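Next come two complexes, and both contain subunit A; in the first it sits with subunit B, in the second with subunit C.
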Partner chain A sequence: MTKPCAVATPSLLARVPGVAIVLAILFVVLGLTSPSFATPANVANILVQSTILLLLALPMTLIIMTEGLDLSMGAVLTFASIALAITVLATGSVSLALLAALVVGSGFGLLNGWLVAALDIPPFIATLGTLGIAQGLSLVATDGQSVVGIPRSIQVVYSGSMLGIPIPIVIGAVAFALLCLLLYRTRFGTYVFALGGNREALRLAGVPVRRMLIAVYALGGAMAGFAALLMTGRMSAAHPTAGLGLEFDAIAAVAVGGTSFERGDGWLIGTLLGVVTVGVLRNGLNLLALPSSVQVACIGALVIFALFVDGLRSRA
Partner chain B sequence: MNAGAVGGSLGAPEFELQGISKQFPGVKALDDVSFEIRAGEVHMLLGENGAGKSTLMKVLCGAYQADSGAFFHRGEPVRIASPADAGKFGIAVIFQDFTLVPYLDIAQNIFLGREFASRIPGLTDRRRTYVEARRVLESIGFDIDPRTLVYRLGVAQQQMVEIAKALSQDARILVMDEPTAALSARETEQLFAAIRRLKRGGVAIVYISHRLAEVFALGDRITVLRDGRKVASVLPADTSPDDLVTLMVGRAVDTTYGRTFCAQPGDVVLDVKGLAADSGISAIDLTVRAGEIVGLCGLVGSGRTEVARAIFGADRVTAGEISLAGERIDGSPHDSARRGIAFIPENRKTQGLALARSVGDNIVLAGLQTMFPAGLYAPHRAAQAAQVMIDKLRIATPGPRRIVGLLSGGNQQKVVIGKWLNAGARFFIFDEPTRGIDVGTKAEIFKLLDALASEGAGILMISSEQTEIVHVCDRAYVMRDQQIVGELSREQLTEANIVRLGMQS
Partner chain C sequence: MSTAAHGMPARLTPSRDTLQALYRLLAAGLLCVVLSFLSDAFLTPGNIINVLRQTALLFMMASGLTLVILTAGLDLSIGANIGLSACLAASVIKATGSPWLGVATGIGCGTLVGLLNGALVTTLRIPSFIATYGMMWMLTGITYYYMGGETIHGFPASFRQFGSGYFLGVPIPVYMMLLFLLIGSAFAQRTIWGQEIYAIGANPVAAQLSGVPVARRLVLVYVVSGAMAGLASLIILARINSAQGDIGEELTLPAIAAVLIGGTSLFGGSGSLSGTLIGALILTLVLNGMNLLQINAAWQPLITGTIVLLAVWIDARARRASE
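Now for the complex of A and B:
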């Protein structure tokens, strides 16, 4: 006797991600208000400008899925960017410089993970602390001044193109593909879902829970370190405040993308769309010549609006 | 063609526990209990709350260490010192709170921590995962797409996934702790079909139950525990529901609580008619008169707490009416508290007290609005009010400034009661008032209830301890499956009657 088991199927409306609806609305509104918005060149520009955010938002999604948070990402990126600039000016080697940025990033990521997993410090507090440390170190290392004289080989990473495609877009696409592979096709990815969804079940399954959690934060740090390369290339300098507030955009993008802050419910396509949504909003507001302070307020409103749309859908 | 019986009755049992004893501080949880588990057999384990069923199962699965006794696996003496040891002998427990990850699919949950490696290093072999998952699901007759995310499943389906997970680890002995507690009749039937199939496959099942009907529907052997001792191990054919009830409750009562029963109850304090609520309870009729202590009993999950929550306004009421002293109430917890209903919840620590605050702060908490209508707090008046309650209830505290979390369980309970008395409550709902409280303090809590009642308060008391209901209550209502199935007067109020009404279905 086998009876097929009925499983609740979500309605059609609920299957369209809320972020896609929000993005579509935003695109139409901005397209109508600004003539230069919906042009191929501008769209490519938006994607290029969104890459740095994407590199932070992807691992942020994983961290949030574990019911965690990383407030230090922007500051860690800044410090990694300064380490990169100083190294390249001292040695002239781009690969050594990138290595320095990755070491700084992963170091802070490991520290975050250790504080959260081994010392049981709430992620909000732990990464708020490391945010302060990384920001402080950036100011100390540069005396508050920008590090200039970045060689063209680093600037090219941001401004160059490969086979006609801007290099940042290539980097973003590769990072997205790798993270998808990691989350959906490896053991580690499966454990990320379990870390937030039912940590006890994971422990009972004999998985080293702490080590997995540390790895999630370390990944976030490493990607912030790599994003420093793009940031330095974009600015042609390392500013001690370059990454300020990037964690805000990253968390906003993850939230807009529909990743939940509990139960291990998250998805990377949502985050990708969330990043583009934040990028579109910033770009559109730039075209409308609104100051960046207004942009931050608009992103805040966007997060609330997106979660509101999500709430409507889950009730539908 | 009963393959299970053949496999079961020949040779040594799959697993055997002999003379298991386990002492906890102050209580002998298990006393010389022997228990055998045969392949292809469903062994029902019965007993009241606190009889030792869970302790016995925890010993079996390695979560607890027995103080004395021996284990035999297929006749060979073995040791179980950890859950890993139990796993080696194929013992798997299906816990009541599931160990599933909501946003992973069924197959990923089944093989969590044991993922198949792909030929490409680092990746998992998805195809193999789903093939193996389908095979396991098929073996228990659970027809579902293994790619379904677990959060979409109902409780019964999640239970099937748990069973599949246990079987995929080559479990030969499955321990289930009240698996039907949250299931509908149809889901229960599906679970039973799966269990019968497992049985035919030679799996041994230990099934803890509170429902006599399923004991007879499913059991091949029945063991009854009482006060940590095995009182009987029988075959279903040799017993009857009435016999089992007698076996479970047949104990000489050794604790008596001082109670002057209410000879002449006063006016109706609480009158509930046809109450139904979002939480599932329906057609609830009950009354409580001034000076009465009325019991509300039934198994865990029968809807007792839900009735209390609906009366208090904590759950949304969908039908029926509630009146307090003749006045219709239909409100929020705020409204109920203002009118004088006190709800003393089961979980003092999370629902009844602000643990980090002082005794005084907690006592005045519910009465702040009446004490200080202008919204300005006067510390000395609050301290006075607190002192009155400390004296009245004889709360053992150095003073009103003591942090509540530092008091004993019994005294914490008194603080909760004091809080409501201070707020002028005249009808009290006690949900498991003695949970986690030692015997001495229990007597004191009941003395307090008695005093409240003789001063004219109406009391509704929820308890899983049938002895307490029998010794303390003037009357009692018995619940089963979200409904009240009977009312017992003082004369009819016996443990056997409660069990009989609460269990037969």
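Now for the complex of A and C:
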């Protein structure tokens, strides 16, 4: 699965150590402190649980490469999950429900992109505004209650397996391969690299910069919409606050993975490792019976540490 | 923009800024008229005092943030900072029985968080929105862990005066609001340090080259923002008389909205504390009106989010027009 992405950029070797070392240290420390950590079942569990995060972190990498940010992803995923649940309960059709989630996700993605690219609103504030809108819509649509009674056909997407491999892992691998192809093998991907560092040059070269930027945010929204399917299947319900804060894990994964917030260079393998790092950290702290509040604090510290290292590297 | 770099933002373009402030006051007045027609409960003394009290609280949170945004930065950790400060202050008051130790704890905690934010932004050179965003989650985690789902309630009457007391029939926080408006405006408009803050927002490189100690002024604005969050946490605590882990949740977006409605530019260098006061009043009137018209509170984040987007859009448009 790493084949299409093994583009050996000059900085590849220089970058491997950072996130890989963090991951290795975490693995050793957690393996020593918790006997149930380094078991095949638990490792598979981590990978399955990380899929939702991966679906958010991959497009987040592209967005951050354009010197942007999407704070609305968690709230959009939540609202998409509610749209999915309401649709499947009303029509009984899984494909219609998935369509509803994708429409909600891409709709918000397009809105984000339009606010950022056409109205020149700084990304972090534009997506903070749409975060509020998506969260409000979730609360209004459900009156603060969970939507329950999700059919088995949706639960199976998260809990089932294909040829002995859990379906979420298959989905994650496919998404990773597709995003790698998109970023490293298409003209669009090349433009994404340039959108961060050389936007003006791109504009002068006649590239429709605004449309490119809108497409990047729309991709993020669409993938959040798709992740809503896994989320709903995992919880067997749609809850109006379920996905809030997931964008923070995604940003953490991207930051830990070594994508720069300022230089427009991104790295999908790094993001993949970052996602696993966040997953391992959460899983390990869970096994040590530490509450999710400690996990959140640790990930916050991890992000600041990663940005600190990034800052050192950019000055070096 | 260039006007601010010269150190006299208000005086060189008085007509536009005054006009903008007048428009906003007019909007607030219009809201009042509409609301008094829509709801009989709006123009009652009880509700007016309620609006003033809410405006005061929102202004306190937004005042330090205004300085941060004047430097083209952002502080997303305000709500989480309020949560941690309130919970620590509450447990100190409970443990010692001394309101003053509680006040010191709340403001101290807020200030310390502000100092950390300032260090992340200046020493580690992390972009402010991402540094304070990471800080927000870290503080949230710490607060929830510290509280462990518990609630601390029942504080001494002397402490509760702070948030729910009256002087001459007006809530105490309203006096605090006026005090901080005066001090803050004088600081921003009439001191060198205040002018340097405008200059940093307008053009950080130019400010650095003209000898402004950029890093120290940036640390200062984050410290002030943190301290004001600590102070606001005490007012909330004294008002609702109980502390829970989620006490500061959903306070950041309204604070940002108040600053932006008040005409302070997200791109830095222009805006004022008096604008933020009008912004806080407008947002409070909108939310109060929704409340009186019995619109579901679930609509609040949606409305606040939309208002933020509108305010920034107007700002971005005005900025492009002036260029």
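Please note the rule applied: the second predicted complex is superposed on the first by the 289 of 316 C-alpha atoms of A that agree within 3 Å, B and C clash if a C-alpha of one lies under 4 Å from a C-alpha of the other, contacts with A are read in each partner's own complex, and residues count from 1 in each chain.
The rule we apply is simple: contacts are C-beta pairs under 8 Å (C-beta built on N, C-alpha and C of every residue); 3 or more make two chains touch, one makes a residue touch a chain.
As the structure is a prediction and not an experimental result, all values here were calculated from the model.
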item	value
Subunit B versus subunit C as contact partner of A:293, first or second or both or neither	second
Subunit A: partner with more touched residues, subunit B or subunit C	C
Touching partner for A:119 - first (subunit B), second (subunit C), both, neither	second
Which of subunit B and subunit C A:304 touches, first, second, both or neither	second
First, second, both or neither for A:179, with subunit B first and subunit C second	neither
Which of subunit B and subunit C A:229 touches, first, second, both or neither	neither
First (subunit B), second (subunit C), both or neither touched by A:206	first
Shared subunit A surface residues [contacts with subunit B and with subunit C]	none
In the complex, subunit C residues that touch subunit A	74, 76, 120, 124-127, 129-131, 133-145, 148, 245, 253, 256, 266-267, 296, 298-306, 308-309, 312-313, 316-317, 320
Parts of subunit B lying in touch with subunit A, wherever the complex brings them together	99-104, 108, 112-115, 122-124, 126, 141-145, 148, 151-153, 157, 190, 193
Parts of subunit A lying in touch with subunit B, wherever the complex brings them together	1-5, 7-8, 181, 185-187, 190, 193-194, 196-198, 200-202, 204-207, 263-266
Subunit C partner contacts - residues on subunit A that touch it in the complex	69, 71, 115, 119-122, 124-126, 128-133, 135-137, 139-140, 143-144, 245, 248, 251, 255, 261-262, 291-301, 303-304, 307-308, 311
